[in-house]
Each structure stands twice: as structure tokens, then as C-alpha cells.
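Each of the two complexes below includes subunit A, the first together with subunit B, the second together with subunit C.
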Partner chain A sequence: MNPFSELGLADTFEVDVKALEKTHRDLSRALHPDRYVQAPAGERRVALERAVRVNEAFRAVKDPLSRAEALFALRGTPIGDGKEPKPDPDFLMDVLESREALSDAKGEKNAAAVAKLKAAAEANHERVLAALGAVFAKPEKPDESAVKLLGKLRFFRRFLEEVSDVEDDLDAT
Partner chain B sequence: MAYSDKVIQHTENPKNVGTLDKEDPNVGTGLVGAPACGDVMRLQIKVGDGGVIEDAKFKTFGCGSAIASSSLATEWLRGKTLDQAEAIKNSDIVEELDLPPVKIHCSVLAEDAIKSAIADYRQKQGKKQADNKA
Partner chain C sequence: MLLEIFDPKAPPRAVGIDLGTTNSLVAYVREGVPTTIENCHMETLVPSVVHYDPRGHTVVGKDAVPLAHEHPRETIVSVKRFMGRGADDPETKRLGPYVFMPADPSGPNTVRFDVRGKPVTPVEVSAEILKSLRELAEDELRTVGGCVITVPAYFDDGQRQATKDAARLAGLDVLRLLNEPTAAALAYGLEKKQNGTFAVYDLGGGTFDVTILLLEDGVFQVKSTGGDSALGGDDMDRALFEHMLASAKKEASTLTPHEVRALLDAAKEVKHALTSADTVTKTLPLAGEPSVTVTRAELDTLVAPLLERTGQASRRAMKDAGIKPKDLDGVILVGGSTRVPAVRAYVAKLFEHEPLSDIDPDSVVALGAAVQADLLTNADREGEVLLLDVLPLSLGIEVGGGVVDKILARNTTIPTGARNTYTTQEDKQTGFLLHVVQGERELAADCRSLARFALKGIPPMPAGLARLEITFKVDADGLLSVHARETTTGIEQRVEVKPSYGLDDDTVERMLTEALDHGESDLLKRRILEGRVEAERVASATEKALANDGHLVSAEERALIESATRALREAAAGEDPQKIRARLDDLDRATKEFAGRRMNVAVARALAGQNVGNLEEGVKHAKGVENAHVERPID
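For the complex of A and B:
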């Protein structure tokens, strides 16, 4: 499925989230089962199936990670398990050290240290998004270095998920 | 997703979590990551004089299957020679832990970590020999 064309959008990495949400709302309204109460069963089913696809496409385009994955697929660069280059050792070392620091901060209930790690990861996350934006702004098929950016995005994403678990933990105590 | 009993045992009570001195010439460190899921794994071996692995430690930030795979790997590594260690296949881990297809990549990561730790150790030893000769 091409989630962009499903929503009638151009396949770009830059997305106006407000406009995307409006498109989704409008399409969902147009495809709402209430509008098809009088329609023949076949038409009703088609509208329902389309509504499901529209929801999937909306989620895929809204999240920058799945949006990037969709763009790699559309441009013919293979991604996914076993198809992506191994991360650089230095990068892995940074990831591991941040994860250890986060785990220490959690153990010490050090909210300030958690906040600092979070800010650094958010900045890295933003930087990778900007770099991916530059990749997709060009018409060429993204190369291996672009796929490495996608991997980095997932590492930062995982880290930030862990941060929010730790924050919940610290709030609860 | 349902984990197998063995995965749960290793996750709740992981064996050999920790760190060895990565500057020690007898320690090999493998650092690997799975870009498709964001897991990261460090596996270290300490090799004794007879070329036998005396100690193995790991630290894994990832899902239960990744933790279990690396925990099992360190258990298996102790007492093995480097050649025996190198022969460990991800499919052995899959079988022992009863990993489902979606979690096979965790065992691949563990095998990569073993190989990368051995390679690091051998590189250090080669360097030591070269230094001695010089």
C-alpha cells in the first residue's frame, strides 16, 4: 500500500501535520458507515474497507519513522530485518553508554540526569529527522548511508520510549 | 506476545550480567545492535591461558528474547575454546529458547556478538604479538 496516495498526498517526507489531520478527518467523514446505511451492501463494504486503509495510511504518514519506512519502500531501497547495514561501532558505543547512564539515573532516582539524557536524545532525534528530510528532498534512490539514518532514528526512538518509562517510574515513587 | 518458559527464566533471572575490563588484553568485547528494532547488546569474554573462555558477561538493552539470547550465550561460552565458541549458531539459541520466527533476529544478534567478541580478542592478541616482536 502507498499510504500517501491512499490519502491523496504527494510522497514527501515534509508533512504538514494539521493538513494531514484534516485530510484524514474529511475522508473518514465521507466514508463513515452512517452515510452508507441506504447504499447497496457491496458499496457499503467497499467504503468500510477504504476507511480501514485510510486509517492505516494516516497512522503510517503521521509518524515520521513509519513515514520514512514507507518512502524507502516507495523509492525501492530495501529495509527491514537483515536488509539494513550494521550500525557503526562508535554509534553503538554511544547508544550503550546512554542506556547505561539512563539505567543508573533510574536507580538513583535522579530526575535531573534523566531530563538531561532526554534532551540530548531529543536533539539527536531531531537531527536525524532533518538529515532524512534532506535525503528524501532529492529525487535519487536513497543509499545505504540513508538507511543507516533510519536505524539511528529507531535507536533514538527506543531510547526515548525507555526515558518515558523511567519518567513514569520516577513519578510513581 | 507469549514468551517461552526458558525466555522468561533468563529474563527474570539473567545470568552473567555485567562488565569486564575492555582494556584487558585477555578480554574480547563484542558490541552489536539491531537497526531494525533498536536493541543493543554488549558481550564480553575473558580468555585464559589455554585459550579457554574463563568468563563471559553481557549487557543487553532490548526485548526479553534479546536478553535471554545473550544470557544463554554467556552460559554456553564459559569453558569453551574459541573455536568451539565460534561454532555456536543462532539456530542453536532459537532451538534452546524456543524463539518464535519474529524473534529470530535476537538470536542472530547474539551470534554476531559472540563472533565480534572473539574477533576483538584475536585482534588484541595479534597486536600484542606484533608489539612483542617489534
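For the complex of A and C:
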């Protein structure tokens, strides 16, 4: 399934989220099973299948990570099956250091240090998104270094989630 | 009104049902106004209590309540708390004075009450309550044409399936399972505002739900839901029960089941009295008739830990929805337990908004279900408002080391699907054992087990070569079906995820026959009636489709569809439900391609509307204009 064409969109990395949400609402209004409660069984089935696909496509396009994965697949570089290249050693070092710094800040209940780590991770997250945007702006098949960006994106997201959990812990105490 | 009630051709009306832990209600939309249906004593609440007498007959509702005192083991109260629970669930032991049948290893893994030596399932108990609601509705409406039944948003697949099974057993056609908080929002008519963000705080007898709803352009979307399916007013009663017991210097272990029930009721009465009074003195129904005094401040202290649990779930729901209290446009209270002043004060502080509570919190959910039933079946209201609901709990597969691989995350908009591929761990492995679970915990053992099944007959291959594709599908009621396929050989297996807790069609049919007084002849009459209702519905829907989208069919196709419609109407005039069913299937086949084309047109129309919107945006964003002109054929 091409999630972009399912929603009538061009396959670009840049997505206007507000417009995307509106497309999803409009398609839901046309296809949601609630609209077919009185319809014959066959029509109900067709509508349900379409509604399922629209919701899957919406989820895939809305999230930058799955959107990037879908674009890699569409550009001839499918992701998954453990075929992704190993991350660079430098990046792995950064990962270990950030994790340690966050764990220290949590132990010391140092909200300022947590905020600093969060700002840095957010900036890195934005940089990775911009780099992915540049990759998909070109029509050619992405190379291996582009796929490594996915690993980075996953890390910064997970890290930001951990930061948010630490923030909650600090707020609660 | 009288004319309508006695009109023998009165069209079947869809109703909304709140199948509650403590009380149940049925409502419908009368002349545009959602209204609860009363019995001959002007009562709308049917206590969710079912008593089984020595002859195996049932007493349901108000008349069963006093019997709970004399026959605590033969009278099931708060059955909702047992819905969808397994026989091995430790929680069931905690939930009352009941005796349970030992687990049946050959049958479905469902908890069964031992009532006078006979097994009774929670589904059967709930079906009794639903039957009495159906009769109440039939007295008012003659024919009930389908129902919307509400469930706590937090209900998992097993609990939802059990609810639907109970309705089928009660002879009700379920149009939709609706989450209680969403129902409450409909009852308040929030959809008329077109836009806004709302929180629904629902503290019932046995469950707590919190839901964040976003309303945009007449589409209600559940942004997040959270809660606890084992937290409610009953827990307040239990806390008060223990407090009163301690004040009277008594031990719980010395009480008879009868005394436990009586003291729990006394606790409930004290709680209710403290809604308006600051101090209540109560003589306890125990030996020596000790008297205890409870102040509202004491009650507040007792319920504080329970409220804190609701606060945690609420904060998490707001976080999941990406909002802060100041982003809310309103807060709605649902559930009888929100009458407790401490609850209202806590909610106001938590959400930084005075909660709305002008609709009776006991009826608000049923009224909302009635609105949804009307929206689903009333052609005049087509397109008025749409509810987009979400999956309440993540769904996954157990993989190596007992870890859960999440396939669908909670709060995903439904209906939806997802797939994942796995491979073999060992050389020459010829089968996969699949364990489907639901929940947020990392280990499968900590999640709710939904189903186990095996995919067999895979030819021996080296480890890692086989490709097992698992597809999850969740329908608009939140119910899951799983499909497994080995892609290198094409061996397939499809399972409805109900074997653990649900009932298969044959079981329902058998139970329905047994339940009706005249067995098969009653069932036949019911089948004919149901067949006729559906035949008329499908025939008129088909005619309407031909009238609106006739240009999508060729002359031959039209002739085929028209003759299939005629044949269906003829069958419906007869007495053979199987014949009606066969003609329905014929018409279904005849309209299959037409339906597909109509769907494509509906999609194109929806996207065309979108592109006009993009064009306007495009004035500001050049990229928007580019997108607006990309017209892609959808299949």
C-alpha cells in the first residue's frame, strides 16, 4: 500500500499536518462504518476495508518516522528485516554519553540539566528531520548514509520520551 | 404519540443502552429529544442485579435487590466487573460473596458462577439484564430495530466481545459498541459547538474512565483515553465498609456473607447521605447493633487515595493527547460516583475547570447512546456528526523471552489494521505458536491474554527462512481479528479473537433456543422477523443507491440488481428465514461491484473537497498549490 496515494497526496517528506488531518476527517466522513450501518453487507465490507486503509495510511504519513520508512520503500530502499546499516561509532558514543547524562541529572534531581539535554536532543531531532527532507527532495534512490538517519531519528525520539518521563518524575516529587 | 405507539406498522426504532455496573437504562430519541424509557412505575433505572430462584427462573432489577440480602450467592450484583474475565483471574475472588465453578479445561476460559450447582457465565447474567431492557423498550416502541450499547472506554477485547455476546443472547442486534465517555459528550450536545477540546471524567460503580475528546468540523475524535477497569464507587463503599468495621471494632473474617452484603449496603447509604450532610450516624446491621458516626471529612480522607489514582490516569490522558488543562473547553462528569462532593472538588482542581453536570450523571450515558443510535439509523441526520474512536489498549504478539511485540499502539484511531513479519527460531520448525495479548506492559504474562493459536504444516526449512506475516484488524467496535500467513508457502489461518472468552455462533444459537419458552418455534418467529427487517433495510438502501448513483451501473447490471431486489422482497413476504438469507446473499453479490464504485466516488468527492481547501491554503504556501493539483487515482 502506498499511504500517500491512499490519501490523495504526493509522496513528499514535507507534510502540512493540518491539511493532512483535514483529509483524514473528510475521508472518515465518507468511509467510516457508522455511515454504512443501514447498508447491505457487501457495501459495509467494502467501506470497512477502505476505512481501515485510510486510517493505516494516515498513521503512516502523520508520523515522520513511519513516513520516512514508507518513502524509503517507495524509493527502492525497503526498511526492516534487520538489513539496516550499523550506526557510526561516533554516534554510538554520543548516545551512551547522553544516556549517562540523563541518568545523572535524574539522580541529582537537576531540572536545569534535564532541560538542557532536552533542548539539545530537540535540536538534533530537528536536524535529522531536515536531513531526511533533503534526502527525499531528490528523486534518486537514497544511499546507505540516508538510511542511518532513521536510526538517529529513532534514538532522539526515544530519548525525548525518556526525558519526558524524567520530567514527570521530577514534577511529581 | 398514542397513534405512533399503536401503529402496527410502526417502524423499528434503534435504542441506546447503558449496561452499567450498578444500574442499567434504555433510551431512544423521541421527536428529536433523547429520552430514557420508564417502566410502569415511572422508573428508568434497572438495578443490574439478577437473582436465580430454585426453579432456575430469573428475577431481574429492583425485585432482585432485596433477594441479594437473603441469597447473596444466588443473586449476582455488579456482574459487569466479571465480564470477559478468565476463570483463573485472581481478581474475581475479590469481587463478592460468590462461589465459582472450577475452570473447564475443554471449554472457553471464562469465569462461571456456581449458582445452586449450575454454572452461570457473566455473559448469561448480562443477557438477562439486557432482555429486561429489551422488554421495557418493546413495551414503549413495539419493535426495537437494533441498539447501541455503551462500554467503558477502557474495556479490552475480551470485555467488549462478552458484552456483544450478551446482547446477541438477549436477542438484540448491536449496531455499535460505544465508549461511555463519547456517549456522554453526545448527550451534552457538544457536537453542536463544531469545535473544542473536552475531558470526560467517568467514575461509575466499578470502573473509571477518562477521555480527552477533540471536536473539529463536526468530527468527534477521541485523542486519548485512560482509566482503570477496577476502580469505582464500589471501592469507596469498601473503604467506608472497612472504616466502619474498624470503628465498631469488628473483624471482616468473622462476618457471614449475608452480613458482608448488608454492611456494604449500609456503607453505600452512608456515602449517599454524606453528599448533603456533614455527619451521619448509622446503626450497623451486625450482631449487637453497634452504631458508628462518619463525617464528610473522614469520607474525603478515605476516598483521597482512590481519587489520586484517577488523577494519575487523567494527567496521563492529557499528556497522551498533548494538551494542558488550560487547553480544555469543558469537563463533563459521568457516573453516580461523581455526586460525591470530594470528587467534584478534585475534578475542578485537576482540570482547572468547573465540571458540567446538569444532565443526571446516571442517565447521561444512555441518553448519548440513544443519540448515536439515532445518528446511525435516521437518514435525516446523515452526515451530522461522526465519532472517531480509538483502540483503548495496545495489541501485540508474544515473542522470544515472553516479551510483547506491540503491533497496534493504544489510542490508534479505529477501524484499523497493521501487520508484522516473524520468522522461525529453529531449523525444520513446522509450526508457529501465536499468543495474542492486550495491554501496555512489556511482558506478555503481565498483559491480558486474548488468544493462543497455532499455524501448522509449514515445510521444514532452516531457521530464519520461513516468513510468518501476522495481520491484525480492529473493527469500529474495537474488536480484533487476527490473520496469520506463512508467505513462502501461502499456508493461512484466520482467527476471530474470541476462543478464550467469547461464544461461537452455534453456542449462541443453542442458548437462545434453550432460553426461549417455546424453544424452536419462538426462535423461528424471531428469525423471520429479523430477516424481514434486514431485507427491507437492504432493499430500500439498494433502491436509494440506484436512484442516487444510477449512472455508475450498466443497463444489464441495473436489471440484475433490480430483479435481485424484487426476489428479496418476495422472500421477505414468505416464512422461510433461510430463503431470505439466500436472497440477501444474492443481492449482495449483484451489488458488489456497484458498491466498490460508489465507494470510489465517495473517496474522490471527499478528496476533492480537500483539494479546494488546499488551494486556499496554497495562496500562502506554494507547496500547497502543487499538492492540490496532484490527482491520483485510488485503485
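The rule we apply is simple: the second predicted complex is superposed on the first by the 170 of 173 C-alpha atoms of A that agree within 3 Å, B and C clash if a C-alpha of one lies under 4 Å from a C-alpha of the other, contacts with A are read in each partner's own complex, and residues count from 1 in each chain.
Convention: a contact is a pair of C-beta atoms (placed from the backbone, for glycine too) under 8 Å apart; a residue touches a chain by one contact, two chains touch by 3 or more.
As the structure is a prediction and not an experimental result, all values here were calculated from the model.
> Could you tell me if A:95 is touching subunit B, subunit C, both of them or neither one (first, second, both, neither)?
A:95 sits against subunit B, while subunit C stays out of touch.
> First (subunit B), second (subunit C), both or neither: which does A:119 touch?
neither
> Classify the contacts of A:151 with the two partner chains as first (subunit B alone), second (subunit C alone), both, or neither.
Only subunit B is touched by A:151; subunit C is not.
> Which of the two partners, first being subunit B and second being subunit C, lies in contact with A:10: first, second, both, or neither?
After superposing on A, A:10 lies in contact with subunit C but is clear of subunit B.
> Mind working out whether A:130 is in touch with subunit B, subunit C, both or neither, as first, second, both or neither?
It touches nothing on subunit B or subunit C.
> Could you figure out whether subunit B or subunit C reaches more residues of subunit A?
The partner that reaches more residues of subunit A in the superposed model: C.
> Could you look at A:56 and tell me whether it touches subunit B, subunit C, both or neither (first, second, both, neither)?
Second partner only, subunit C.
> Examine A:84 and indicate which partner it touches, taking first as subunit B and second as subunit C; both and neither are also allowed.
first
> Output the subunit A positions appearing in both contact lists, the one against subunit B and the one against subunit C.
Looking at subunit A, the two contact sets intersect at 80-81.
> Considering the complex alone, what residue numbers of subunit C touch subunit A?
146, 175-176, 216-217, 219, 319, 375-377, 379, 382-383, 386-388, 412-418, 421, 473, 475-476, 537-538, 541-542, 545, 584, 587-589, 591-592, 595-596, 598-599, 602-603, 605-607, 609-611, 613-614, 617, 621, 623-624, 626-627, 630-632, 634
> Would you pull the subunit A residues touching subunit B in the complex into a rising list?
79-82, 84-87, 89, 91-93, 95-96, 99-100, 103, 147-148, 150-152, 154-155, 157-159, 162
> Under the definition above, what is the set of subunit B residues touching subunit A in their complex?
31-33, 35-40, 42, 59, 61, 105, 108
> For subunit A, which residues are in contact with subunit C within the complex?
These residues of subunit A touch subunit C: 5-10, 12, 14, 16, 19, 21-23, 25-35, 37-43, 46-48, 50-53, 55-56, 58-59, 80-81, 164, 168.
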